[in-house]
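Quick notes on the structure that follows.
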Amino acid sequence: MNAAIYPGTFDPLTFGHLDVIERASRIFDRLIVAVGVNASKEPLFTIQERMDLVREVVAPLANVEVDSFDGLLVEYCRRKQVHALIRGLRAFSDFEYEFQMALTNRKLAPEIETIFLMPKETHSYLSSSMVRGIAAMKGNIEEFVPPAVREALERRVVPRVIRNDAASEE
Amino acid sequence: MNAAIYPGTFDPLTFGHLDVIERASRIFDRLIVAVGVNASKEPLFTIQERMDLVREVVAPLANVEVDSFDGLLVEYCRRKQVHALIRGLRAFSDFEYEFQMALTNRKLAPEIETIFLMPKETHSYLSSSMVRGIAAMKGNIEEFVPPAVREALERRVVPRVIRNDAASEE
Amino acid sequence: MNAAIYPGTFDPLTFGHLDVIERASRIFDRLIVAVGVNASKEPLFTIQERMDLVREVVAPLANVEVDSFDGLLVEYCRRKQVHALIRGLRAFSDFEYEFQMALTNRKLAPEIETIFLMPKETHSYLSSSMVRGIAAMKGNIEEFVPPAVREALERRVVPRVIRNDAASEE
Amino acid sequence: MNAAIYPGTFDPLTFGHLDVIERASRIFDRLIVAVGVNASKEPLFTIQERMDLVREVVAPLANVEVDSFDGLLVEYCRRKQVHALIRGLRAFSDFEYEFQMALTNRKLAPEIETIFLMPKETHSYLSSSMVRGIAAMKGNIEEFVPPAVREALERRVVPRVIRNDAASEE
Amino acid sequence: MNAAIYPGTFDPLTFGHLDVIERASRIFDRLIVAVGVNASKEPLFTIQERMDLVREVVAPLANVEVDSFDGLLVEYCRRKQVHALIRGLRAFSDFEYEFQMALTNRKLAPEIETIFLMPKETHSYLSSSMVRGIAAMKGNIEEFVPPAVREALERRVVPRVIRNDAASEE
Amino acid sequence: MNAAIYPGTFDPLTFGHLDVIERASRIFDRLIVAVGVNASKEPLFTIQERMDLVREVVAPLANVEVDSFDGLLVEYCRRKQVHALIRGLRAFSDFEYEFQMALTNRKLAPEIETIFLMPKETHSYLSSSMVRGIAAMKGNIEEFVPPAVREALERRVVPRVIRNDAASEE
């Protein structure tokens, strides 16, 4: 059976992530959305909250499951016996970072292939941090995240992140 | 009347910012330089100090005024009833970040247009953080900032930021 | 005599750094690897440890010496009376950052020339921070750093940095 | 009066061009769409045909006029006494080419400012040559160009350009 | 059954193409290498010669077949009832061109997904045109193409293309 | 003795080339400017004319000589027993093309090192083709090329190349 893993922090899931999930679920028989514990960043939502939000949103997709992982991603893939990693390649994303990570993972585990999908162009500028920033300033985020995520964000008192808006000009 | 807003942190204003201000002031009848309060970053200069420095430097430009703003930039534009946002597009800047921010702002407020100007090429590598770093190490910054800013920087005890100089070690 | 300085943080030295050192040592009669004190970052290894590791690894290269520096890099070059700065230009590195730094240093000291060398393509994705992250998760780093560095990393209790692995997906 | 020139080959005009024209016509009191004679390329449509198509499409925009020019663009601007040049900056365009051209034009005519606008993201991948190529292979171009342009393309026997489709063979 | 199409001109096939073919053949149950007729370029090898060379090289891969196509690629995919397109994404390739083509094809045929794979980094700078150029100057190409392709190139009197070597310096 | 080769087409030499030549001549004991015969492009100036122009301009630099070459650049380097190749890395140049060429040359001749220098930022947008285009339209090129080159260009009836000016808008 053809399976793939889509790893990420999903803090929180955006329409961009959802678009990649839908595309990957049409190509692969089974897709695992793997939420990273990510001990070194301080996420806005706990690992459990992030998994719950992803689960609620992907519920209609029968071949998609949600899991969490800690430690090296390639070790997680090996435990799951999955050899395909999915990454969304946004036009406005850190393209070089993606390549660097993919080449590093290939060195650590040559049998695992990274597969890049291109999200819808209207989602290509979306990022979780931008969404957190706009929500913190009470901006309207309904075009950026699914309803369940929007409600969760509005309930949460979020730290103010202005960078996405006020324009760092350094 | 044709008005535009040029938002930024201006911590502190550099010759690159000044160049963009001069160009925009020739295209638009009225230009508001909007200094962001930017609660989440710890600026070197207070919002009042930053506004005062900008005001002193742009004093000769009759159609330029200086203001501050807090919260969502697009909400500030709406309050001011201005529909044009100015951004400098440096060859060495975060081009993708600028596009991402502009597309996000367009989603939040489709009636506001982001307009990119290109600073002089000799200013295209200037950044406020670089200037702060060099000043912290007692380097000569007179080619990077106007005299008033230089004096303010020299009076201020600045935290040492070496990255711009010692070379991040890849 | 034709001398050059190769500055960096080297926290720790990777095969990518070593490759650049070897290339530069063939072009120049004398090469100084200059380890930056870098007061503002919290390095994993002390300045002394980093210098010792570099020294051990470059020992076979007769025309390479190891030094440390603090403050403005261009001032260090002037004290050493060296007019050539070496930088590795990785395909996956911050190309724009390198240009910005080189142009800034040229403004501060026009007599000092920055010279870019291209490391082996199989090293072009290597970074010290990635290596620290993988070591922190007990990943195998033997393809990324020389044996002496690997042992030093394994002895050190390193803070967990997951970004390189779990994929920030914002 | 605040006027601007939007130069191009428009062979033929696409929805991407139209989007830039509409944005510029809201910022400036008067906009001249300047169709380049472009003697060195062999256009699919004659200068007259290209002007006619642009005119038909921009007819609803009261402050937009259509003209042609030959020779140096900056000389044309000077004859027209217009100091603002409009360029669309597509995410997927030749960003560096645009900067190079703008800096060159600034050197030739420092009083003329190039102003970059960002077309709608759904148009950011559109190019005239791609549209010509798809039309040549009888593909459906109705999402790429206005109806008048589509009809003109379908009437014209176009030379086959496969690059946009068959994949340049790297 | 999970099938994919890998389109290209393959004039001639390089180790970079072969690497992508091998990766794709491990992910998909069936892979069609589709050689484009490409009427507008003047290929060095005829469509039949290019197909024969690909066939010879991929013979050991049981689930890979070779075909040719003419006209719109998405129409070819539809006729073949395949919904996955493979593209290699080289670090040194025309990344923007690939995105532009993928977004265009998505507009023409939303049901077809473009999937990007990353060739081995040691192949990431390989291009067919570079190989043709080096062969034309009697350079050694054995590290760039399989033996069968090398022999075919050496037999063919190739037009001299110096760009890859003498360095266009404009 | 420390020698280097700076290869190019120099059709014609610009201030950008001259800047790289001057920088390289300060780093190396001996510099050979190698003008490529470049059979496949149709240059504006003959190989002899291009060499003569370079020679006239670099006459004041005692350690610079001018030569021509044909065929594989690395073979030329080997015949000259020079192991350092100089390339200017313009911010607005084809960065990826330079890397691709350097990696290819390294594969063909591992003992030859490519060294990148950064021209003055005010020259970073200069290209020979742009200069030819402006000269063809009787534009003022005195800020782009040395006087000898300007006179040669003005004497020559040049084919009109409008792309640099009229803005290809595809």
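In order of appearance the chains are A, B, C, D, E and F, and numbering begins at 1 in each one.
One rule holds for everything that comes next: a contact is a pair of C-beta atoms (placed from the backbone, for glycine too) under 8 Å apart; a residue touches a chain by one contact, two chains touch by 3 or more.
Computed from a prediction, not measured in an experiment: that's the story for all the values here.
Trainee: Using C-alpha centres only, name the chain that sits farthest from subunit C.
Mentor: Computed centres place D farthest from subunit C.
Trainee: Farthest from subunit F in C-alpha centre terms, which chain would that be?
Mentor: If we average the C-alpha coordinates per chain, A ends up farthest from subunit F.
Trainee: Over half shared or under half: which fits the residue numbers at the contact of copies subunit B and subunit C, same or different?
Mentor: Different; most numbers are used by only one of subunit B and subunit C.
Trainee: Rotating subunit B so that its CA atoms sit on those of subunit F: what angle is that, to a multiple of 5 degrees?
Mentor: Fitting subunit B to subunit F on C-alpha atoms yields 180 degrees.
Trainee: Between subunit D and subunit E, tell me the centre distance in angstrom, where each centre is the average of that chain's C-alpha atoms.
Mentor: For subunit D versus subunit E, the centre distance works out to 32 Å.
Trainee: Approximately how many whole Å separate the CA-defined centres of subunit B and subunit E?
Mentor: 46
Trainee: On subunit B, where are the residues touching two or more other chains?
Mentor: Subunit B, residues with two or more chain partners: 91-92, 99, 103, 121, 125, 127, 130.
Trainee: Among all the chains shown, which pairs meet the touch rule set out at the top?
Mentor: A-B, A-C, A-D, A-E, B-C, B-D, B-F, C-E, C-F, D-E, D-F, E-F
Trainee: Considering only the defined contacts, which subunit F positions touch subunit C in the complex?
Mentor: 2, 23, 26-27, 29, 83-84, 89, 91, 95, 99, 102-103, 106, 113-118, 121
Trainee: Quick one: in the complex, what on subunit B touches subunit F?
Mentor: Touching subunit F from subunit B are residues 91-92, 121-122, 124-125.
Trainee: Under the stated contact criterion, what part of subunit F meets subunit E in this complex?
Mentor: These residues of subunit F touch subunit E: 7-11, 17, 36-41, 69, 71-75, 87-88, 96, 99-101, 103-105, 107-108, 127-130.
Trainee: Can you list the residues on subunit D that touch subunit E in the complex?
Mentor: Within the complex, subunit D contacts subunit E at residues 92-93, 125, 127, 130, 134, 137-140, 143-144, 159-170.
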